[in-house]
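In what comes next, chain A is part of two complexes: it sits with chain B in the first one and with chain C in the second one.
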Partner chain A sequence: LSTADIISTVEFNYSGDLLATGDKGGRVVIFQREQESKNRPHSRGEYNVYSTFQSHEPEFDYLKSLEIEEKINKIRWLPQQNAAHSLLSTNDKTIKLWKISERDKKAEGYNLKEEDGRLRDPFRITSLRVPVLQPMDLMVEASPRRIFANAHTYHINSISVNSDHETYLSADDLRINLWHLEITDRSFNIVDIKPANMEELTEVITAAECHPNQCNVFVYSSSKGTIRLCDMRAAALCDRHTKFFEEPEDPSSRSFFSEIISSISDVKFSHSGRYMMTRDYLSVKVWDLNMESRPVETYQVHEYLRSKLCSLYENDCIFDKFECCWNGTDSAIMTGSYNNFFRMFDRNTRRDITLEASRESSKPRGILKPRKVCTGGKRKKDEISVDSLDFNKKILHTAWHPKENVIAVAATNNLYIFQDKMN
Partner chain B sequence: EMEDKVVSPEKVEEAKLKARYPHLGSKPGGSDLLRKRLQKGQKYFDSGDYNMAKAKMKNKQLPTATTEKAEVTGDHIPTPQDLPQRKPSLVASKLAG
Partner chain C sequence: MEFKVEAHRIMSISLGKIYNSRVQRGGIKLHKNLLVSLVLRSARQVYLNDYYQSVCLNAQQHWGQHEEVMDSNQAKSTSERVGYTATTPADPAATTASEPGLPAENTPPEMTIDVESFTESHAAAQTEDVEADHTDCKDKISDCRRRQPSELKGAASSPASGPTAVIAKHLVPDNRIGPKKVKEAKPPQDEGGCGEADADGFVDDDSVAETQLDNHLVASCNRKRRSSEKAVPPESPVKKPKRAPSSAPSGEEEMDTTNVSSLITIFGSSFSGLLSKDNTQAEAEAGDSDRDSGAGQICCDQVLKNLNPWTTAIVAF
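For the complex of A and B:
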């Protein structure tokens, strides 16, 4: 297993026709969905490689003695404005805007050079010819159009495109900046939680996201399990939140692990913009933006791990950052777990399912079998016991097609794409 | 009353951890953990150690007075020559077919 191949982010574009993945080696691979055609009815909706490019390189900051990983932390697509596609990709320090464009024509019949590129002697040219556009095999090219650098002292964990389609935010452990997509030499700092004395540091920013339709609103989550909603119209610096979301904790149940497992690893607004979802180590919570006192729904992802926290702390798994996502209609949510398991919850029926993304359990066009973890007592056939779970097989990144029941699941260095079975 | 006597699985795990690491601080989510997180990627370059390591390479042929196996920090600090060469493999991602 080459560590460079480990997938670090997965994201569908607005139409769902493109799926981008970023990896630890700083590369981006974009998949495109096959169009339905009468000739190949069985390849409806298959995703094939469309483009691949090296987005970030490893760097060393000599001034700070800091090694900067090339790992792509997040990819966010921009809404499509012309024939080309654009996305933002970021590592720990630098955000880049990439334009992906297709070329299917080339000009032939130049005056000053031959077809093979050799220059023609200008004194030998006796007649003028006009180059003609000829069709060629499709070439997909990616070019970096903007580099947004030097704005983050700490490690970038999130980027989010605003609904105004002109600005986006980037968040690191202690600060959030607002950028204009056209301007790379300036950004506005909108949140700064760095204490004057670093000894007093008690929490860090773990994720941030722009509201899907209110361009003045964004949220950020913290390592203490809280979420702050901010309004950019209220002040230039949004250190004072507009809303503060925190679930009350029973003080008698507090343990050494409480704060660590309450740390929120991901926050996502629902498509409607009415709810938001947060992922902490053991659960996923859905919050109504109108109610700050507690979440409206809580889903247990792998509660059986509560009795394994000691070893999970020792092997660092307790710090794993799982992401979560909504389906297109906000009726279901999905998140990953260990042993290549991922979980889906139906918010209406309250049913949940555990599925596995691995070669052994998925055959092309086969149907996935639900999995179950045995939490104690007698293990039934087909169940897996908690102690047999492989904690190196973590599903941290998943994505749901914006309109259809198609999901992308990243299992270490493999990408799985599952679709609702066709009737 | 029975429920009060049941210890939560989390507290059992906490006791296990404290038994293994008795000096573990009482503020686990506090500054130490966070500062470790903020310092990710920090590599230290000391010109003194670097020059010592360079000198050691040159003097490899000379017999040393003592063959102590003690760690010399000069051997382990990365030198500038090492770091920039750490480029990703030019092999395309396996996902790209």
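For the complex of A and C:
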């Protein structure tokens, strides 16, 4: 297993036709959904590789003697404005805007050069002709259009495109910056939680997102399990939040690791913009933006790990940052777990399901079988005991198609795409 | 008692993680190190709470045997110290704090080894980073030391914070104010890495105390001042990372807890030490020098400051 192939982010574009993945080696691979063919109208489109390019390279900061990892932390698509597609991809320090365009025609019949590019001998040119566009094999090209660099001292953990389609924010451990997509040489710092004395540091920013339809609103989550909602109209520097979301801690469950497991690893607004979802180590919480005191829904992802926190601390698994996502209608949410398991929760029926993304359990056109973890007592057939879970097989990144029931699940270096069963 | 073992183990693991983070690709991850330092402090708190509870118990039960134990472990006569204790103004915390060795003997030796090897390896790595402005540090240290008695007395006298005061007093690096028990003095001294102090024995409690305090605080100072002044110190007692291997006639167990606590004190501020390296290089802010000034005092104050949020926090696990 080459660590460079480990997938580090997964994201559908606005239409769901394109699916982008980033990996630890700094590469971006884009999959495109095949159009449903007329021959087999009931066959859903499959996702095939559309484009592959190297987005980020490892860099060395000589001033600080630091190596900057090329791992892609996040990819966010921009709304499509013309035939080309655009996305933002970021590593720890630099954000890049990539334009992915297709070329399926080429000009032939130049006067001054041959088809292979060699220059023609001018004395041999006896006539003029107009070059003609001829069809060619589809070529997909990715080119970096903007490079947004040198704005973050700490490691970038989030980027989010604003609903105005002109600006976007980028967040590191202590600061959030606002950029204009066209301007690369400056950004506005809108949140700064760096204390004057670093010894007083008690929390860091873990994720940030723009509101899906209010372009002045964004949220950011912290390592203390709190979420702050900010309004950019209130002040230039949004250090004072408009809303503060925190659930009171349950004192009976305190342990050495209470603080770690309350750290929020991901925050996502619902498509409607009315709710937001946060993921901490053991649970997913849905918050109503109108109620700051506690979440409206809490879903346990793998509560059976609570008694194993010490071991998970030793092997560093407790620091794993799981993401979460909504389905297109906000009726269901999904997040990953260990042993290549991922979980889906239906908010209306309150049913949940555990599925596995692995070669053995996913045959093409096969149906995924629900899995169950045995938490104690007699282990039933087909159940897996907590101690046999493979903690190296973690599903940190999942994505849900914006309109259909198609999901993408990244299991280490493999990408699984599952679709709803057709009738 | 198992809490103490578990807490100690978690502390060792946490220290290892912080140490390893310095060599990880991509630079120091602020978020992870912050979380690890929180766990470290929680574990330290539990460890010391548990430890001092047992100290109090032992003190009540075995006060008569105390002198005997001291004699058997030290080369010095204890009568002197007992006398000294009697004449010291009442400082109840100090009395109980004077017996770190007793319960420490109960700690299994393997825990000691973890901390010791870690101390050595880390301190060795730390040495190359040290750029000391020794003079400044010494000034701050003397300020710090002068301030200690009143602070601690204040803390000790308030009845509500009995255990806190005990911990605070003990945690203040190698502070020998109050009863200068050899028992108390000895273990941190090794941690502070003054081999020479070991060799000298305890001829003069005051000078020993000073040296130890200097060493410890200068070590902490130096971590903070790593990227600022480069003045070569006129003397560098701090550059003694290796503890004298078997300088202590007493068993290694009794140094264990105080070593850990002193080590943790360094790491309590070492998180920011990690960061100050990160930050001063990253931002080249003028404000950094402000932060570094009074570093010696910050070491002590910070420990006391940070104890408060956790005094009520950790219940049984």
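We take it that the second predicted complex is superposed on the first by the 416 of 423 C-alpha atoms of A that agree within 3 Å, B and C clash if a C-alpha of one lies under 4 Å from a C-alpha of the other, contacts with A are read in each partner's own complex, and residues count from 1 in each chain.
Assume a contact is a pair of C-beta atoms (placed from the backbone, for glycine too) under 8 Å apart; a residue touches a chain by one contact, two chains touch by 3 or more.
Given the structure is predicted, the values throughout are model-derived calculations rather than measurements.
With chain A as the common reference, the superposed partners chain B and chain C clash. Of the two partner chains placed by the overlay, chain B and chain C both lie in contact with A:223. Shared-chain residue A:256: touches chain B and chain C both. In the overlay built on the shared chain, the residue A:49 is in contact with chain B alone; chain C does not reach it. Touched residues of chain A were counted for both chain B and chain C, and B has more of them.
When both complexes are overlaid on chain A, the residue A:307 reaches chain B alone and has no touch with chain C. Once chain A of one complex is fitted onto chain A of the other, the partner contacts of A:154 extend to both chain B and chain C. Contact with chain B, but none with chain C, is seen for A:57 once the two complexes are overlaid on the shared chain. Within the superposed three-chain model, A:66 lies in touch with chain B and with chain C [touch as defined at top].
Once the two complexes are overlaid on the shared chain, A:23 sits against chain B while remaining clear of chain C. Judged by the touch definition given at the top, the superposed model places A:4 against chain B, while chain C stays out of reach. The intersection of chain A residues touching chain B with those touching chain C, taken from the two complexes, comprises 64-69, 92, 154-155, 173-174, 198-199, 201-204, 223, 255-257, 259-260, 263, 310, 313-314. By the touch criterion stated above, chain B contacts chain A in their complex at residues 8-14, 16-18, 20, 24, 28-31, 33-35, 37-38, 40-45, 80, 83-84, 86-89, 92-97.
The touching residues of chain A, counted against chain B in their complex, run 2, 4-5, 7, 21, 23, 25-27, 29, 49, 52, 54, 57-58, 60, 62, 64-70, 92, 154-155, 173-174, 198-204, 223-224, 253, 255-260, 263, 306-310, 313-314, 413, 415. Taken in their complex, chain C has these residues touching chain A: 6-7, 10, 13, 17, 25-27, 29-32, 34-35, 38-39, 42-43, 46, 269, 271-272, 275-276, 278-279, 281-283, 287, 291, 298, 302, 313-315, 317.
Taken in their complex, chain A has these residues touching chain C: 63-69, 71, 92, 153-155, 157, 173-174, 196-199, 201-204, 206, 223, 251, 254-257, 259-260, 263, 310, 313-314, 316, 319.
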